[in-house]
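Notes to accompany the following structure.
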């Protein structure tokens, strides 16, 4: 095993141990997270949409399920289950779109099992989780029709995006919708920051599960993230000190 | 009960497969690498098959709109037509055949490029509104930085680049290669932390997007 | 220029104008163009997936192995199992048979999640952290260049750490950090709040740079579109003239 | 957790109902909704005489009732006490805005009444029952039986629809244990046991149990007000009919012999079937919030929309005009870049050193939408590589990438004397995105199965083509150049593949927006020469224009230089105007408070 491999395994083991540990102590040692205004606004926007009989649209981006870029979409799927629960009393259940075939299937599966759990199986429609376009820009091209025809009022973007993020958010802004956007791609984050009403910065997109109260594991994993974050900061500082002592630039 | 058992089996399957692929990143043992490669190849095939399923779903959605003459059914008709014609031509004459390339160069290429051109205006409108919308120092810093980078990137009007333009180029390079590089590295590390947590939640079956 | 090329460029120009009409506002021409794009892109991608991936990955191996070869263990793994998985996945098309595709999706998700974790750790966490560990030893910093380099390294390090810190989610139960002091009504933030503010500034600068890059990229594409329209026009005039 | 709109304490609705500590609050809002409804109906009393009378009848007994009191038997009087006591308790419950304890409910029990009233009390099944008293007593257990607890299976299936406002405790998951059931469900659930435990036997003090015959406010709120109205109206003596036949002929106020079932009455069956699912409960909560929210709805000002549209049109017109002027009018003209970026030198050097006996691999990793930029940026690089006669292989991770590669290289093949199949080969589409990139890095031959636009004479297995015969791994290519618009794919190539390339240089041709993200990998190589990630970077039109000038081969970058410069100038002006506009509005906003 290489040194890098060993380091990787250590990081992995620490992460898993922290997640399980925080899960165990969650009841006794409850978590306190900072405010993320975008998520607070999202909660209210979704409730308002349900009250007004309007639809929530969740975009899972254009990333492939089997790629590293699927992470924000997987987080979006977790948030989707919560949003689907909350909108299951609405006349218009949530609609999910994506640019990847496998992700569209996962979206449908998530919706189906969520509706079954809340005893609202009749709300599930095979068309409520759909592939919108096979390429990133064609996916963005399909958005205006969905936003206009499906009577959408909340436009949630959580997935892998490239420059099409700017278009995807702008279509929502032009339609006067509530737009919240997050991605793992830094350029897409920058475009969301400029265009979207409620941008999710950096890793905030991965915190949707904890902030929308999907489950304790989401809370535990967020605390594990913070723990590893501090570990990383300390390690980097130590590394800098050691190298500085070793010799000049 | 049966549902529970089945979902546990699917979770175990995802974990088992994921474990081999994940260990393959760190451990060089032959059988782990073989399993990893096999699973990755299967996944690539499945992803392609999933695209076909997704396209069938796309077609179904728009076919339904046309058959029920829902709002915007004419556009759906246009989509079905263009989809069918392109698919048939590209399958019959192969994707590298003249017919498919003609459609690609005539429709997809210009349409996507034009959409990118529209993006330019969308971004500038957003940039124009940003400070007024957010009214905080960070948005001011954001737009100020963007302005400096644009000044340092764009060509200078006139016959030759003067010292001011050179200084702007250097400043742009300094911003992008030092300040932005530092921020980008921090963001990348944070995103990696979030991605790791998300992936582990799926592997530990806390999230089961494949349903139960 | 051949007639086919001319027809192609005229059609492409019309479509370009239809898309650019969105700058005035959403309209039927733009909608038609967008649906054309979705349809043609989906059709082409589907054909490529079938022709370049599913065909060679599923059909060709069977033809190569022949019927008797199908029973060999290697072919079972490389051909039959993928066939079964793909067929069950295809059952996802219909809600009635959808549940049979769950194992295939579980496999796909397992691979995806593992790639996410493995890629993040080996691709970003380790290399980017190691890269951040640079010597800041001022020894031998005589020339201005070294001094400048040292300054840059400090900025990058501060940017990396403060940005990483910015995303901290956990907070103390009591809430906000108490300010260091309050002078003339102005509260001086505590070190953590200060570090977070610095991180926010670095994020704004990074986003500003990336936003400017996207603007520049899209402006080049717009220039290309306008040039294309101009070329098509001149070709048409040339033909008519 | 408090509702962010009305400040009301709201709790999510959980599997099987509300958590114990939440029942009061929800009883509270249901109670409030009922009170609102009553006050509304109260306002319209004059219009709705009949319902008003129905409500007032028990609440404030009329004079006629008081007169009748003397006439009616003692046991019937007790029943009426029960009702008045119940109503008093209801009023108290309203004041307290909280659910009454469960024992009050359990106190109402037909067996207890039977024990007290003795055999004179009919079972209630018989058609010819005695009048009012028996019926009014019979009413009590009837509705209680109707409010039977949900069967276990049903409760398991009952939905969990948490509102997004408020916290959803983790215990609130499907399959939640019974002890976590909300108070109101818990009461119903344990009704029988509480009745057995808390009801005194036949010897219990009369009245003491009946005095407790009050209902919790939530139950009051859920039942129709008239449900407990006695079907026998005690009329004033003068209003009572005189018996005309039989031995009681001539007497007033005798008990009616007419079967109660034949008398007009409100059906109590069904009206008490409180099969309230959680979704209905959530909908009720929603209605409440809608009422609260109604006044807070903000109207969209049309002026704002129009102003925004004008901004959009103005900016669009300015940008289009700026880009079109140099194309159609030939001016303005912009200065060509005088100094090339420092990383360009490294790239040029790498290309100069390329061996010509091994193919270079160009990875087209961008969408057709980016071709307008990346074809121009990469053009000079292609020119330099092809001018050196390095054989080429192309690869793509996007379905349309091969078509783009063909379009970009076709017009150069003739110029540089390349022959498709001999010095240029399109490997085609690498499906699976980043994952497939890893597979390709490990074993290229097993990952690419079909080429693109292969000429005649190329064998079915394209890896047997003369151009690729020496290629076993990525390190066998002379160079790997990734032309990409996305930071993600650039990172994949740098992170996952860079380490597998041996001495083969990895070059990135990037869209302008991707550079800051890939730059650290280039610096990484600078900082740790032993560990290579990215060896060369080419990004942005200025660098490409410098490259073309250096090659002395004007291409797309120089052709787009002026419209690009003009567009950038417009963009700078727009952002500057935006900053000014924002600051002025900000200042004015602060000034006007």
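All chains are identified by letter, namely A, B, C and D, in their written order; residue positions are counted from 1 within each chain.
The rule we apply is simple: contacts are C-beta pairs under 8 Å (C-beta built on N, C-alpha and C of every residue); 3 or more make two chains touch, one makes a residue touch a chain.
Model, not experiment: these values are computed from the prediction.
For the interfaces C-D and A-B, the C-beta contact count is higher for A-B. Chain nearest the geometric middle of the protein is A, using mean C-alpha positions. Work out the mean CA point of chain C and of chain D, and you get 24 Å between them. Centre-to-centre spacing of chain A and chain B amounts to 14 Å, using the average Cα coordinate of each chain. Separation between the centroids of chain B and chain C, computed from CA atoms only, is 4 Å. With centres taken as mean Cα positions, chain D sits 22 Å from chain B.
Of all residues in chain B, those that touch two or more other chains are 22, 25-26, 40-41, 43-44, 46-53, 55, 57-58, 72, 75, 95, 100, 104-105, 108-109, 111-113, 115-121, 123-125, 127, 130, 139, 142-144, 146-147, 150, 153-154, 176, 180-181, 184-185, 187-191, 193, 195-196, 198-200, 202, 209-211. Along chain A, residues 4, 8, 11-12, 64-68, 71, 74, 102, 105-106, 109, 112, 126, 131-132, 134-135, 137-138, 141, 145, 148, 163, 166, 184, 186-187, 189-191, 193-194, 202-203, 207, 215, 222, 225, 229, 232 each make contact with two or more other chains.
Residues of chain D in contact with at least two other chains: 312, 316, 319, 367-370, 372-373, 399-400, 403, 431-435, 452, 485, 491-492, 511-517, 520, 523, 540, 564, 567-568, 571. Against chain A, in their complex, chain D makes its touches with residues 4-5, 157-165, 167-168, 170, 174, 277-279, 282-283, 286, 289-290, 293, 300, 305, 367-370, 398-400, 432-435, 485-488, 492, 511, 513-514, 516-517. Listed in rising order, the residues of chain B touching chain A in the complex are 22, 25-28, 40, 43-44, 46-47, 49-55, 57-58, 60-61, 64, 70-72, 75, 108, 111-112, 115-116, 118-119, 122-123, 125-127, 130, 142, 184, 187-191, 193-202, 204, 206-212.
On the side of chain D, the complex with chain C involves touching residues 309, 312-313, 316, 319-320, 323-324, 327-328, 369-370, 372-373, 376, 399-400, 403, 428-429, 431, 434-435, 449-450, 452, 485, 491-492, 495-496, 511-517, 520, 523-524, 527-528, 533, 540-541, 556, 559-560, 563-564, 567-568, 571.
By the touch rule above, chain A contacts chain B in their complex via residues 1-2, 4-6, 8-9, 11-12, 15-16, 19, 64-66, 68, 71-72, 74-75, 77-78, 100-102, 104-106, 109-110, 112-113, 126-127, 130-132, 134-135, 137-138, 140-141, 145, 148-149, 163-164, 166-167, 170, 173, 184, 186, 189, 191, 193-195, 202-203, 205-207, 209, 214-215, 217-218, 221-222, 224-225, 228-229, 232.
Those residues of chain B lying in contact with chain C across their complex are 6, 10-11, 13-22, 24-26, 38-53, 55-58, 72, 75-76, 78-88, 90-91, 94-95, 100, 102-121, 123-124, 127, 138-139, 141-147, 149-150, 153-154, 175-176, 178-193, 195-196, 198-200, 202-203, 209-211.
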